[in-house]
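Here come two complexes built around chain A, the first alongside chain B, the second alongside chain C.
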Partner chain A sequence: MSHILCETKDLKITFPHRLGDFTAVHGFDLQVRRGEIVGLIGESGAGKSTVGNAIMGLLSHPGQVSGGRIELEGENLVDLPDAAKARMRGRRIGMIFQDPMTSLNPLMTVGGQLAESIAVLQNIPKAQARRMAIERLAGVGIAEPANRMDQYPHEFSGGMRQRVVIALAMAGDPDLLIADEPTTALDVSVQKQVLDLIKSICVERSLGVILVTHDMGVIAETADRVYVMRHGALVETGPTAQVIQTPSERYTKELIAAIPSIERREERFRNPVKKTGEIDQWLLQGHKDKGSGDYVTASALTKDFATKKKSFWGKAGTFRAVDIPGLIIKRGEVLGLVGESGSGKSTLGRMMTGLLPPSSGEVAYGDHGILAEVRSRAARKALRRDVQVVFQDPYSSLNSRMRVDQILAEPIRFHGLADRHDIPRLVGALLERVGLPAEAGRKFPHQFSGGQRQRICIARALSVRPRFLLCDEPTSALDVSIQADMLALLMELRRSLGLTMLFVSHDLAVVRQVSDRVAVMKRGEIVECREAEALYDAPKSSYTRMLLDTAPRATRRQ
Partner chain B sequence: MFDRIRSDFWYELLNSPVTIVSAIIIVLMIIGCTFAPIFAPHTPFDPATISIMDNNMPPAWADGADPRFLLGTDLQGRDVLSAMLYGGRISLLVGIGAVALSVVIGMAVGLLAGYFGGMADAVLMRIAEIQFAFPPILIALLFNGILKASLPADVFAQAAVPIMILAIGLAGWVQFARIVRASTLVQRNQDYVTACHAVGLPTLTIILRHITPNILGPVLVLAMLQIAVAIVTEATLSFLGLGTPLTEPSLGALIQIGSQYLFSGVWWVVIFPGIMLLVMVVAFNLVADWVRDYLNPRLR
Partner chain C sequence: MYFLLARVFQATIVMLCVALVGFLVFQFVGDPVLSLVGQETTVEDREALRESLGLNDPILVQYARYVVNAVQGDFGISYSFNRDVSEMIADRLPATVELVLLSGVLSLLLAIPAGIYTGIRRKGGIAQTIMAISVIGVSIPSFLLGILLILVFSVWLNWLPSFGRGDLATMLGVRSSLFTWDGLSHALMPAAVLCLFQLGVILRLIRAEMLEVLRTDYIRFAWARGLPGKRVYFGHALKNTLVPVVTAIGLQLSSLFAFSIITELVFQWPGMGSLLLHAIGQSDIPLLAAYLIFVGLVFTISNLVVDAIYVLIDPRIRHGAL
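Showing the complex of A and B:
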């Protein structure tokens, strides 16, 4: 085994605060060797990014290393003066950031940025740096690098941009590469290519790589060894296959068990525990016979968005975001809608709930008829009561100036679903129904975590006794362990209340856990729509097969 | 905004002595001016209580002063300190009243333009931009002139303060409309607004109950800055003789009166109201700066 390239010893990182210092990392040991990819995994707030930033010398103010050592080939980086740290960045340690949209300068050509970095870091003339930049772009898999040099970042796709970011990180030929969530912002099909690129660079240049991520699938595909972090401390470490297959710590076991599998439908989602109470009776009140049949029917649905005019006098073009011949959601079923970013899945979801008017075609509901023909105020109100939404971002989907009980009481009062005096009690019961204490109503949304906020959003959707729920990426912003709880809650509510659901997500594994049928979207069109199990086990369309093959999975290495 | 106050408000405030001093000055001025009849040692505009014998007294610490008149008297024997308190009352009333009017108009226009977009946005914001092309003082002069020409002289003199509020308020709404429109455009696309649509809430409820509270921060900051601007505008108009009548002078009118005697050695009649105006305006600006930093933690 080669010697150790980079090492942290008993690393402590503190963020001073007037109400007492916050220790983000306490006593963390990590070792990276040349030619090795080390995974650093943990849920949000575990301190994994903080460790990466500390090694890079880029701790955000007012954080500081308050103890321990960071050694790069035996030299302690903690005590280095700022100027020496700045010299080291790029030349000895390179960094790849999460979002390729913001880590490139939009006003400079891609080649200009790369050539500038190479010229400065390697201290060579501009012309030579430019020639080298072309080689480097070719090296990270960009076709026609000489032509693409003079293009701007917005002319590159997300995956291509991340390749450029990798080339930039490698501009100074560093020994150590820190990749902080390098593929989180990318679609699965692109994710695999970027990870493969990082792997091949690591081997070719015998680089040490620290891969910071929350995604066990990424670690399983890429890392040689893994460090599991929680609350700023090390939980478990070892070779990746060993940690994933035979975890020794309870937290690691829970973390791995919480990952939804793309291979099969887990038992825990299939037969959720059924709770019944007064609130469920209230929630089911006024609902007609459950019956079967179609609940939502979309026919010949399209949505066009205007694109930018080419010139001042030119005509604005249109971009067809959605174009489907038809889609049916049966009463009481969960239809999963998957697709990569830009496939039109969210747009379709919003049209199916009447939140976005279609450009052509119509949406009809079993109980209300054709959406566009529901004109009377009372009928509109009744329709809005039956159709509700749970959003992706639990931070922007709650009004931060209103107390939680006000947020939940408003829809009940507006639709006249309960007596004035009963509302506070109902709000408490609703909160308890989604797994929060009844007293939570007295707080403001910012006093809750992301998962708790998402529960509040579900309670708000339930407060009008809906029949149909659109879940638009409801778990994408959450940690895996919380994600599993949220899915279990949604499935349990669906069983108990007989809800019809449209579940939109980019995550194929999550969709498999919850859906009866699944529709796969690509560039505004549905390429495949079948029973979930059949679709996952034997995809008919080549696109579906490609999505399933490229999705990283924690259990493949066996 | 208001829930953060409980934890950080006092901490941030106590860490900024300049703001504390400014805030205390504003509070003292508001109290002193509002209750001028109680605090003022004399009633300067009641001819029965003033004596021409007391004219041109210097401040109390100078030679030949009368201890009854702390900051001296003017040509007609009126107490300068009392005149300042009564004048400050008019200045503050006009400043705060005019900004309140600007906020109401600006928020209505900004919310409508930002929320509905399209035609409403185009028409309202073009009107706003046309007005923005003229200096506010010119607009205020214009409104003032129109009202002066169309109202009988005695009515105009009676209603001097409401007319000033109207003129300056109508001159200042554009900035509020712009800032409210920009914030509304951001808030309109937040998921919590979409959730309101999903529940079926009426548009007016969404705008007033959900969007408005979320855009008040920047409006509050701008309002504090604009109070200072409005006070200066009022003082400028009064100095030019277009504002409050000389029988009921604001700070600007006092400065105008005093400036006529500045070179005859009677400096106190102009200097003290001038200092009061300066301190008032600077204090409002400093407090507004602090509120802006407090509401936007990224600037800290």
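Showing the complex of A and C:
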């Protein structure tokens, strides 16, 4: 084994605050060797990015290293003056960030930024740097690099931008690369390519890599060794396979158990324990029909969006975001809708719930008839009560100026579902039903964590006694342990209340856990729509197979 | 290019609307025939005059005629001066232009570096002092500042003349008072008054934009790439602050053109502002209408220039991606 490239010893990072200092990282030890990828995993707030930033000398204000050492080939970086730290960045340590969409200066050409980095870091003239930049772009797998040099970042796709970002981070030929969630914002197929690129660079240049991520699948596919962090401290470390297959700490076990598997549907999601709260009687009121049959039917549905005009007199073009012959969701069924970004899955979901009018075709509900023909005020109101939505981002989908009990009481009052005096009691019971204390109603949304807010969103959707729930990426913004709780809650509610659901997600593993049937979308069309288990076990379409093959997984079926 | 063509087209429509308002002033504020003739004119003579002036034509024809004349620079004859309105504006315009240019250049030269500095070192003593001065600049009314300056520099110190425009000189075919010492000394105080307000607004905007941009991912990444501070601040951050800043500068400078009235009054500056005051006092409708159209033109052109600068700054606008 080669010698240690970078090491942190008893690293402490503190954010001074007037109400007492907050210690983000206490006593963290980490070692990276050349040619090795070390994974740093943890949930949000674990301090994993803080460690990466500290090594880079880019802790956000007012954070500071308050103890311990960061050594790069034996030299302690903590005591270096700022100027020396700045000289080290790019030349000895490179870093890439999560979002390739925002990491590049939008006003400068890609080649200009790369040539700038090379010229500064290698201290060579611009013309020579430009020639090198073309080679470097080719090196990270960008086709026609000479032509693409003069294009701007917005002309590159997400995956291509992340390749450019990697080329930029490598411009000064550093020894150590810190990759902070490098693929979180990318589609699975692109994610695999970017990870492969990082792996090959690591081997070719015998580079040490610290891969910071929340995704155990990414770690399992990429890292040689893994460090599990929680609350700013190390929980467990070891070779990746060992930690994932035989974790020794309870937290690691829980973390791994919480990861939804793409290989099988877990029992707890398939047959959730049926609960009955006092509120369930109320929630089920007015649901007379328990029949089977189709709940939502979409036929010949399309959605066109206008694109920019090409010339002054030219006509605006259209982009067909969705074009499907038909889609049916049966009563009481959960239909999973998966696809990569831009596949039209969210657009389809919004049309199925009447949030977005289709360009052609129609959506019909078993109880209400064709959506576009529901004209009367009362009928529309009844329809809206039956159809509810849980959105992706729990941070922006709750009105931050309203208390939680006001948020939940408003729809009940609007639809006249309860007597005014009963509403506070109902709101409390609703909160308890989704796993929050009844007193939570007195607080404002910002006083809750992401997972708690998503519970509030679910309670809000339930408060009008809906029959049909659209869940649009409901767990994408949440940590994996909270994601599992959220899926369990949704499945339990669905069983107890007999909800019909359309579950939209880019995460194939999550969709497998909750769906009875799954539809796979690609460029606005449904390429495959079948029983979930059959589709996952034996995909018919090559696209579905590609998605399943490229999805990173923490544990592979032997 | 398409973007700019569309903007020129829009600007033309805006100018037609402004001209319509200018034209309507004639229609609704008094009868032009009454203001031209005396008491003893017969009804027949008035009718003949009305016919020969084209006042009996359909209103659209009259409007078209007004626009065609205006495009050729013919805004009619001032009631109170009995002179060609366009000639009068041409007389007064250079004085205002030099005042606006002087104060605009002064404020940009001071505001841009000060804005960047206070954006980068926002806790330092110098930055705090600059911010304090800019608050004063934004909040002191210009007439008060003008009178104070006159008191200090003209009355007490006797350094600068207190009113009027100085000697003119011609350089490179341009005749302006800025080319003589006497002219400069006359222009300095009014320009300073106009400058201080602009300075405060632009400086604060640049600072706020700098703070915003310095928080973005691509600036964090620029640091991580190992770029030196000079490059990060001036090469990457500054350019990204420019789009909103250019917008504000365009609006500020055009409002200087149109509404430097109070400053011109305090310093007895023979520019557009004092012309407008006179026109209002005398209900000189041709002059008012022409002034209205002139102000509209200045705003439209400066916005057009701002749009053109956008295209130069931001490739996403050039490619229609925004």
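We take it that the second predicted complex is superposed on the first by the 555 of 558 C-alpha atoms of A that agree within 3 Å, B and C clash if a C-alpha of one lies under 4 Å from a C-alpha of the other, contacts with A are read in each partner's own complex, and residues count from 1 in each chain.
One rule holds in what follows: contacts are C-beta pairs under 8 Å (C-beta built on N, C-alpha and C of every residue); 3 or more make two chains touch, one makes a residue touch a chain.
These numbers come from a predicted model, not from an experiment.
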item	value
First (chain B), second (chain C), both or neither touched by A:H17	neither
Touched partner set for A:R375, first chain B, second chain C, both or neither	neither
First (chain B), second (chain C), both or neither touched by A:G172	second
Touching partner for A:H3 - first (chain B), second (chain C), both, neither	neither
Partner chain(s) touched by A:P106 [first = chain B, second = chain C, both, neither]	second
Doubly contacted residues of chain A, that is, touched by chain B and again by chain C	none
Sites on chain B touched by chain A in the complex	1, 3, 11, 190-192, 194-195, 197-201, 205, 209-210, 213-214
Chain B-touching residues of chain A, taken from the complex the two chains share	18, 353, 355, 380-381, 383-385, 387-389, 391-393, 396-402, 410-411, 414-415, 444, 446, 457, 460-461, 464
Partner chain A, residues of chain C touching it in the complex	2, 5-6, 9, 216-218, 220-229, 231, 235-236, 239-240, 313-316, 319-321
In the complex, chain A residues that touch chain C	56, 58, 86-91, 94-97, 99, 102-109, 116-117, 120-121, 152, 154-155, 165, 168-169, 171-172, 308-312
